[in-house]
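What follows is a group of structures, each given as structure tokens.
Okay, so chain A shows up in both of these, paired with chain B first and chain C after.
Take a look at the complex of A and B:
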């Protein structure tokens, strides 16, 4: 989420609230004999407000589960999640008077710090990375559809090459299992081979050999297993050189096909980049959300026990 | 053939519109971790409950004195039927610490736990916060009470608005009647008990705590019996914050140890007796001592009845009688006793003691010494805790004091140099000097727990007894 001027009210409110809470924290030990104490009236008040902020921040997940409920704009919930969640840390520190207390309270403080730190980290990423994504991945797609798009890119590449080189003798796109012996350059060697297309251009076997060889030996394995990061086609500079070399070796009539293949490689690289950026952009949630849930559950137990004892 | 152009429409057509109905690895991991971590937390709490270990819920480490009870929450947190809260009660504290009332005139009775706050780590529970004290003593409130002196009504602690010590505040001076010139005694003296030699007295040649067993430089090492005598009632008073009261206060000055080596109590001008008059006796007893001494002497030395005035002793300038006097023994004794008493009452005793001569009385009256043992009657002080310091760093006036009435007690500003409410300074909270329970009135407590209960769990808490409300 972009932290811009639309956050001004929340930011100002949070700052004022923090200042008032800090002033109160400094003042209140003058009154009760025990000094700053989580069990004093003011200490409990800090705890209740801090917990309420944490619960509100936690409700963002529930709000997302029911997007059609008329509970206010999701943007507002997100801003509240950010700022009130952030405020909960100083309030809980004031509640405990900067003491971690016993085992449960120590665990709670550690969890809270993890949640806040991971949340701030995530907020910073969410502020900067979407713009980076737009800039670096113009062909961005839905993250969950990346594998599907890759399969379509492979199919697209297969068709392009088959159109000029004839049947490739590779497995049909969509069946993701590779033959044990790999792909046949001439087709027909693999029993399951099904990818076939009627060549639109009648190239001799000699003319099509460089393209077929390049595709089946280098490009198709790269599209099939994009995880191999050290592949030459994964590097834009090396890929450009490879395709430049290929252009010199193929007849002029298949130059467009080569450009198609180059575009497909470029899109594949963008998908790789998107996947990497997506992992950064959302990976922190694997820590933030589970720890938040544990924090809320243990916090409820702490509240019960503390009020009772 | 036509190229595969990437129009928006073509890109959009790639998307499977049902994709969101299927779980992605990222969502699956998020769900699994959320459930797993929460379950782990719940299992941990369940395990603590099954193991009957409530220590996890403790709000902090117990004080050192209560560390054995760290796992025995029920020892203090008493459960009552129908009551949700299980806060530590006064009753639980009184089971082991049946202390006396804090103050007879206290305006309210705070709970034990409001002053002695537990779960704050290995701290001394007796070290209460100043605000515990100043909530009443800040303005010296008392139930129907009033105070004989005016002080600031908003005492915040020793460091702020605490009144000057009473002995210095009153302006009355030292109530002692023994004449002592500190200045003279702290100069270099030309005569020592061993003869004419230059000596320099130190403070501890006269002022020591009863617990100090070092031999005296100019006096006898006291016996245990003397030690016991030196302990005054004030020093014997139990003080929970002072583990070694025999080293806390200076013992009163004692003639035989501190003065006798130089200040002999000789009474006979002809030096017929080696010893002086006994110290610590009243004039009548001294008179009888002298009578006995001279009667015994004249019985053994009848030739002394013929007295011949010695020319060198006649300082009047008048011509001395050429004739010797023949006196009866009683006359001789009376004459010698009168001569001795003249020396004692006018010089020897009078040098230190305050003597008065009532009309018609033949013997003087000696004022009681009235040497204060404790200068701060409502506070405790420990000289032993300050033993690393020189005496004059606090009692700076001692080197120049010439009058008995000079109060050499250092003022509060002197103490505040070290006792400040900051880090790296000496303790300055109220309890450092003021005790708040009179433990001399402590009631006997009957133990209720077995060692096994303390170590392995207290199954049931003792039934409440008839605890007096406002006991503390």
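Take a look at the complex of A and C:
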């Protein structure tokens, strides 16, 4: 989401509305005898309008549940959510005359501030991060498929190395490895890498040893457990150095395989980056949505209590 | 000398008498003396080209015994060291050009050249091998041709011309380039070869070998048995077919008995055989519901929900839809749209497209009475189709039963009268083309009008820098009218994409037809104008789009792209959920695809200008509207070939539960799942202007655009982006 010139109308409307509301807020204490408070007519009006804006902002979630309902384009709802939701904060502050009141209203104010701050934070993230993701993750895939792409990368790497080094003695992706290269045995499945390991190039054991050792001791564990962020291959600079060193140790005919492996590591790093960016891009909603719901429910309780008593 | 007079001569020291005119080769053979040979066969005129049969006749030059007539007192030596050495040298020369082991040697170990070479003790020829390969010709379904294995003995040529009288084979080229040729140097499959197999059985090497196919699986069914060649040759339709060939391809044709009500083949299934009805009647029908997938609102107002349903044409007529009355299928009869059922009887052949081009079965065939059928593989079908007797019978059946429906099935020709149709029955030709064969070429004179009967035809136009595909035509489509109506020259090249059969109406008949039926002329002229305009537009786009990357991603081919602005898209998948919601949970959009600039071209129908999805549809149900929008017609049988053919993965199969007659309990209905192909329809069946995916995007990232307009500034053309909503 880009907050750009397409938001101009909403931005201008919000500014004008805020100015008018501020003017009212400045004007109205001259009228009621008790000064500015939420119980006055203007205060209630601020409260109702502010609450209405909050409810509208909250309805975006419901709107998304029914994407094909023709209730207005979703982007209009999103813009309303952003600007009206933001306006609700000054309106509620005007409603309470910048006083937090009792426990419930204090809680409500805290929740509102959390919602607004988390919302602004989310909007800022969604403004910048899609560009970052587009730039930094050219090999982006669907988030839910990252695990399966990782499994494919591991399988591809196994096959590439087995094609020059012969059977690796490791098990298929999704099953388990044989006890080789320091790995433990966990299950009995067909060794895919071994099966697919008819060497295209006949390297001697001595020639293939550096590649085999690097792959089994460094790269494969990294591909298998990509979460370990301190792995040297997770760092582009260090990885480049490692592969440069490896190139010097393997025969010329294997250089292409080394390049393939380097590409696989780069793709793996991109997937990690994508997962991280994705969590940032959507993680804030874990706070924003429940707090918003709590705010709406408690706001309704507050309105009920205030009107009844 | 009288022809009956005897001539006395000496062969290898033995005095013999033979009739005057006998060749030395025959004289030796008659007297038990064997002379090796390659080019000579008893049933063919001797030509003496291989020279392997050389003998010493006391002259300075050795004579080829197969062509040298005997003379009184002639002294012949067939096995002196010098003669054997000369023969050995000849064999070495032949072997130096011969791929060892050749196909024949590999398959049956009876290559005559390799046998003679082995006999002479030749393991490695002294001479350098030929550096330029002559190559293979794999175009015939029955015979494999390897020109490298050919020793130019001419046995195949004499077999074709003298023994069979077909006159297809001949010699071409000179010196090292010399070789055998079919017709005027055509591919064997494109030539007038009738696949009699005589050349193949005459060939001494692996130059011409039988393409044996896997035998048809007879299975445990006792009502099926492999047809014996003798049994087949007694049938009139097999008259003229080579018995040798049938013997070599034993197992490729099976005689099957079907009981009344039994299903012979089912629509949508893949197969590789065709059926010839010998006895009994069968019914051909489409069992899938004749309906298309329609997305509609369940209620009025903004809270309406969208569901996908199967809608029949009467319930939901589509705009601009051609008024088709027949459904084209892979059988001698087209099915009426209103009631897609027809009968077939003795002499009918069905499943040709499945057999020749491996398309899914286009319809379900059920035995109406007890039936006897021959099920055959494609090599046997090819032989039969090249056989004059069989082809005449098929052509005659087509003229009598299907031409009328076929021609009148094209709306423009609906008004054609019976008497003119009778005239056409006598004059039209059914012409077959092999895959890749050019039917008519751009800028050549236009002499005929064509109606596609079987297969797919690619229409393309050349332009500086490449070839532009204008259309793919399937059964029921026509071409060639623009050239005949216009300046008399072809404006495009039409090429057979697979095994194609067309109905050719000659120019004179076409002229008569448009003079006699002005409405047909008007219809054809309007259609021609429309086609020409579309072609001009497409060519203009191709010429104006210079970006290789844009072209490489196939974006130029698209008429409408769903693009996601990746700088706005938060990857929330609201678009995918909206699409799934709009189509009963079956999304027609995947948020993945190629990137162009900062845009992701999502996996969703692009309405391609070159719609590869249409190639191969066994019932021709996927087509383009006049607006170029790709739609799937009601008679889609859900075989999924279009989904496989779409290079962008943009066609899905949508399952629907429908009620069908229970085959076990005839009075009851049972629920079965039938599939219909679907692609993005831009939610055009709804009253809304915007597709659901675009409407549901909260970040203004999803857009449906015309790529050439939208990317205009990226392509260095008009500035500014124009969004098509």
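Please note the rule applied: the second predicted complex is superposed on the first by the 288 of 309 C-alpha atoms of A that agree within 3 Å, B and C clash if a C-alpha of one lies under 4 Å from a C-alpha of the other, contacts with A are read in each partner's own complex, and residues count from 1 in each chain.
The definition used in the following text is that a residue touches a chain if its C-beta (ideal position, glycine included) is under 8 Å from a C-beta of that chain, and two chains touch if they have at least 3 such contacts.
Computed from a prediction, not measured in an experiment: that's the story for all the values here.
Would chain B and chain C fit next to each other on chain A once aligned, or clash?
Here the two partners, once superposed via chain A, fit next to each other without clashing.
Looking at the overlay, does A:271 come into contact with chain B only (first), chain C only (second), both, or neither?
Neither partner.
Go through the superposed model and pick first if A:69 touches only chain B, second if only chain C, both, or neither.
Only chain C is touched by A:69; chain B is not.
Taking the superposition on A as described, I'd like to know which of chain B and chain C A:130 touches: first, second, both or neither.
In the superposition, A:130 contacts chain C only.
Can A:6 be said to touch chain B (first), chain C (second), both, or neither?
Only chain C; A:6 stays clear of chain B.
Looking at the overlay, does A:142 come into contact with chain B only (first), chain C only (second), both, or neither?
Both partners, chain B and chain C.
Please indicate which partner A:242 is in contact with in the superposed arrangement: first for chain B, second for chain C, both, or neither.
Touch status of A:242: no partner.
For A:291, is the partner it touches chain B (first), chain C (second), both, or none of the two (neither)?
A:291 contacts chain B only, not chain C.
Once the two complexes are aligned on chain A, which partner has more residues of chain A within touching range, chain B or chain C?
B
Scan A:282 for contacts with chain B and chain C and give back first, second, both or neither.
After superposition on chain A, A:282 lies in contact with both partners, chain B and chain C.
Look at A:91 in the shared chain and tell me whether it touches chain B only, chain C only, both, or neither; answer first, second, both or neither.
The answer is neither, since A:91 touches no partner chain.
Rounding to a multiple of 10°, what is the angle at chain A's Cα centre between the Cα centres of chain B and chain C in the superposition?
With chain A as the vertex, chain B and chain C sit 150 degrees apart.
Quote the smallest CA-to-CA distance from chain B to chain C in the superposed model, rounded to whole Å.
Taking the overlay as described at the top, chain B lies 5 Å from chain C at its nearest C-alpha.
Residues of chain A that sit at the chain B interface in one complex and at the chain C interface in the other, please.
Touching chain B in the first complex and chain C in the second, residues 141-143, 282 of chain A appear in both lists.
Given the complex with chain C, which residues does chain A contribute to the contact?
Those residues of chain A that touch chain C are 1-2, 6, 60, 64, 66-71, 73-75, 77-78, 126, 129-131, 133-134, 138, 141-143, 278, 281-282.
Using the touch definition from the top, list the residues of chain C that touch chain A in their complex.
302-306, 566-572, 574, 577-578, 581-582, 590-592, 595, 598, 688, 690, 692, 695-701
Chain A touches which residues of chain B in the complex?
1, 3-4, 6, 11, 14-16, 19-20, 22, 24, 26, 29-30, 33-34, 36-38, 40-42, 45, 55-61, 73, 77, 84-87, 110, 114-115, 117, 119-120, 128-129, 131-132, 135
Tell me, which parts of chain A touch chain B in their complex?
29-35, 37-39, 99, 101-105, 139, 141-145, 148-149, 152, 156, 160, 163-164, 200-201, 256-257, 259-260, 263-264, 267, 282, 285-286, 289-291, 293-294, 297-298, 301-302, 305-309
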